[in-house]
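What follows is chain A paired twice: with chain B in the first complex and chain C in the second.
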Partner chain A sequence: MSLLRKGQQWGTFACVWHIFDATWQDPFKSAHLIKKYLIGLHKPIYHPLNQCGDHVIVINSKEIALRGDHWQKRVYFHHTGYHGGATWTLAWELHSKDPTMIVKKAIYSAMDGTLQRRFTMQRLHIFPDDNVPKEMLENVSNQIKQLRPVPNRLYEIPQEERDKIPRLIQYPSDYQLK
Partner chain B sequence: MNGLQLYLQSLLNIKHVNYGGYRYIKRWVSPTQKEITRRKRRLPPQSESKRSNFIDWNRNSEIYAFNTRLSEKFDTEKLNQAFTHKSYIVAELKKQQEMGIEEPKLDISHNEEYIEKGREITSEIVKKYLNRSLPRLPEVGIMALHDYLMSEQMLATASSHIGTKDIILTSEHPVSQQTLAQTFVALVGALVESINVDHASAFVRDFLIVGLANKDLTEIWCPTKPFELLNDVIDAERKMSIEARLIGQAGKNTILSVYHVGIYANKEYLGSGFGETIAEAKDVAAINILAQIYGLHHTSQPLRFNEELNVSA
Partner chain C sequence: MSNKHLFQKFGFLRAPFGIGVGRYVCQLQRITIKFCKNHGCSLGIRSFLEHDLIDYAKQNPGVVVYVKPRRHRSPVLKAEYLNGETSWICIANFSRQDIIQWMELLKTQYHDGPALRLLKLWHTDFPSIQGPWTPFTFKNPPLNQIKFPDKKIGEALKFKPTATEELITLFEEQQEAEKFDQKIPVQKGVS
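Entry: the complex of A and B
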């Protein structure tokens, strides 16, 4: 193979590292987005038998947002295999024990249950906050766009800027604000 | 149509007396076949049988068929001479001597001079044809492609594909690659004498130069210092110097690290290449651009094999 062909091959099968910020994102909807990068479905050379999946680093998995009352109602089932070994853990409980677990399980169950699934999962790196090892961060060359923009919360805005926001109504001076 | 009907009728009328249907295979067939196979396996490896030793071999008709098959007009005498190697004559004379003939004599001539002449002409034709179809390729590249085509292997392949293997007269058996290659150039030499150089050039083009079709030309020739060469080329053509820039990278700290280097001349994008390291990517990018300039790239227009070459002029 000539050097030219080798370069072409090397570029075609390049393994790209992506980063995804999970702050205020729905893990179950993001899972379907991240899955495509992990499997390599976004590449024109995709084939289930060739190795074309990319690496994805998910940061801030602690800050995910679940829909409705899913924190209280969503249940993660586990069975140890022994008699009476079944446990049902609520989403908020699981999240307090391991803040990466909900994202991991969401992505795992978003993929088809093939033999490749566990190997594909090895290309996923989840961090509860934004403390990613430096040498891992140096690999990254693409950011996956978030599904929803992170809203600006009022309490995060400093008081001086908050005062500059134009007001629609002015409370009367004797109005009891509670 | 009537003839066909007659034929079909006569086919229907054949009584299958000798081929009467039977629903069994005789008990002796299987053990006999097995024994024959067993004995064949036990034999030492047999040498390839010589086609000319078969009883139905007719050399004259083979020579005629060779000429007609290729739609060539070889002079039969010269064609015969082109196929006769010196080793064959030596071996024949020795055979006569062993038979007790005092003054062994054989009234045929060998193809030494055809080989010499044919090689020279083939080389010249190949060079001219390549120069014409790849006009921008430098002399080193042309010579590399020329050496590839004139290599023993390519010549032997061309020779065996036109069916010379059984007609060659030589002392060795089976025919070696070297002899096959020599026969091809001898045929070119004979064709020049039979018709003319221009016709021989079409022969060389049709059977030898087409060997370059669907080959990766950059594999046959690749500049050793591509970046410097590209710099010289751009400098000579546009009076500018080139600049390599890193335009992409992935997985820097992994074993699958990829670098994407682009080459620019006066802020104008020329081309790019990928590589394991930055230095390699830079070389690949330069080769990429050079191959496109020279017409060796896999996306360049393929070589044409229908051009007429005027060698004699």
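Entry: the complex of A and C
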């Protein structure tokens, strides 16, 4: 194999680092998106036997948004193996203990239960906020697009722009605001 | 494909080195004909030796022809090629005509053909003119300049404006229309 061919081979199988901002994203729906990048399904050279998986950095996992009342109703089960060792943890409880765990478990369960799954998971790096180590961040060369637009909060809009928003109704002077 | 093929040589079909450069070089270097003078299964090769061998040797001065009689063994053709490979054919009970054809084949091939399992029926040194795909082909070049994470790049694709944005555009249109009305006063008293 000539030097040029070698370079082409390295280029084709180059491992790319992606970054994904989980702010206001549904972890269970974004898991199916991130999974594809971790396995390498987004590449035209994909084959289950070749090593074409990429690294994905998920930031702001603390800011995820769950659908409906999933924070109260979604339960994470764990059993220690001893009698009476079963625990059921609510999603909000788990999230307050470890803000990366829900995303991690969502992606883990989105993947097929093959022998490769644990090795694929090693290519996933989750951070509760946007403090990513510098040596990791300098590898990143692509950003995965979010699935949902992040809602714009009123307090985040500067005052000048807030004044420009048209007033639809005028409350009566004696109207009781909550 | 059965298991015995696992130890078979495999590769792609390729021309021997330098075959198309300059003159033609016969790849067959030496051919050994082993036969028996008495046995019936060597009948064909014996008639070949009588009638055709001298012509064959004259026509192919580059090929060394060995003739090796041996008692009561089946006749054999053994060809040795320039690349070091040998090809071996048992020619017991072959007719003279068959042997002429086999000799021709041994002369024209450059290696033991059937011993090589072809990985693909086609092969090219230049599978793609554009070059193989890499993760960076078809990427937008400005992505190189961006410092990740970038809020603009990462945000979800927007296919239609939100209700708030639509409301604001409606409001702006209305204001524009009011300005336009003020600029052109309506003529009064025209019937």
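In this text, the second predicted complex is superposed on the first by the 169 of 178 C-alpha atoms of A that agree within 3 Å, B and C clash if a C-alpha of one lies under 4 Å from a C-alpha of the other, contacts with A are read in each partner's own complex, and residues count from 1 in each chain.
In this section, a contact is a pair of C-beta atoms (placed from the backbone, for glycine too) under 8 Å apart; a residue touches a chain by one contact, two chains touch by 3 or more.
Owing to the predicted nature of the structure, the values given are computational and were not obtained by experimental measurement.
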item: Fit or clash - chain C, chain B, common chain A; value: clash
item: Touching partner for A:G11 - first (chain B), second (chain C), both, neither; value: both
item: Contacts of A:I59 with chain B and chain C, given as first, second, both or neither; value: second
item: Chain B or chain C, by number of chain A residues touched; value: C
item: Touching partner for A:L3 - first (chain B), second (chain C), both, neither; value: first
item: Partner chain(s) touched by A:E135 [first = chain B, second = chain C, both, neither]; value: first
item: Touching partner for A:D21 - first (chain B), second (chain C), both, neither; value: second
item: Offending stretch of chain C which, after superposing on A, collides with chain B (from 3-11, 21-29 or 93-101); value: 21-29
item: Touching both chain C and chain B, counted on chain A across the two superposed complexes; value: 8, 11, 14, 16, 141
item: Chain B contact footprint on chain A (complex, rising order); value: 1-8, 10-11, 14-17, 55, 135-136, 138-139, 141
item: Residues of chain B defined as touching chain A within the complex; value: 216, 218-219, 222, 248-254, 256, 258, 260, 273-276, 280-281, 283-285, 287-288, 291, 297-298
item: Partner chain A, residues of chain C touching it in the complex; value: 131-136, 139, 143, 148-151, 153-158, 162, 164, 167-168, 171
item: For the chain A and chain C complex, residues of the former touching the latter; value: 8, 11-12, 14, 16, 19-21, 43-45, 54, 59, 130, 137, 140-150, 164-166, 168
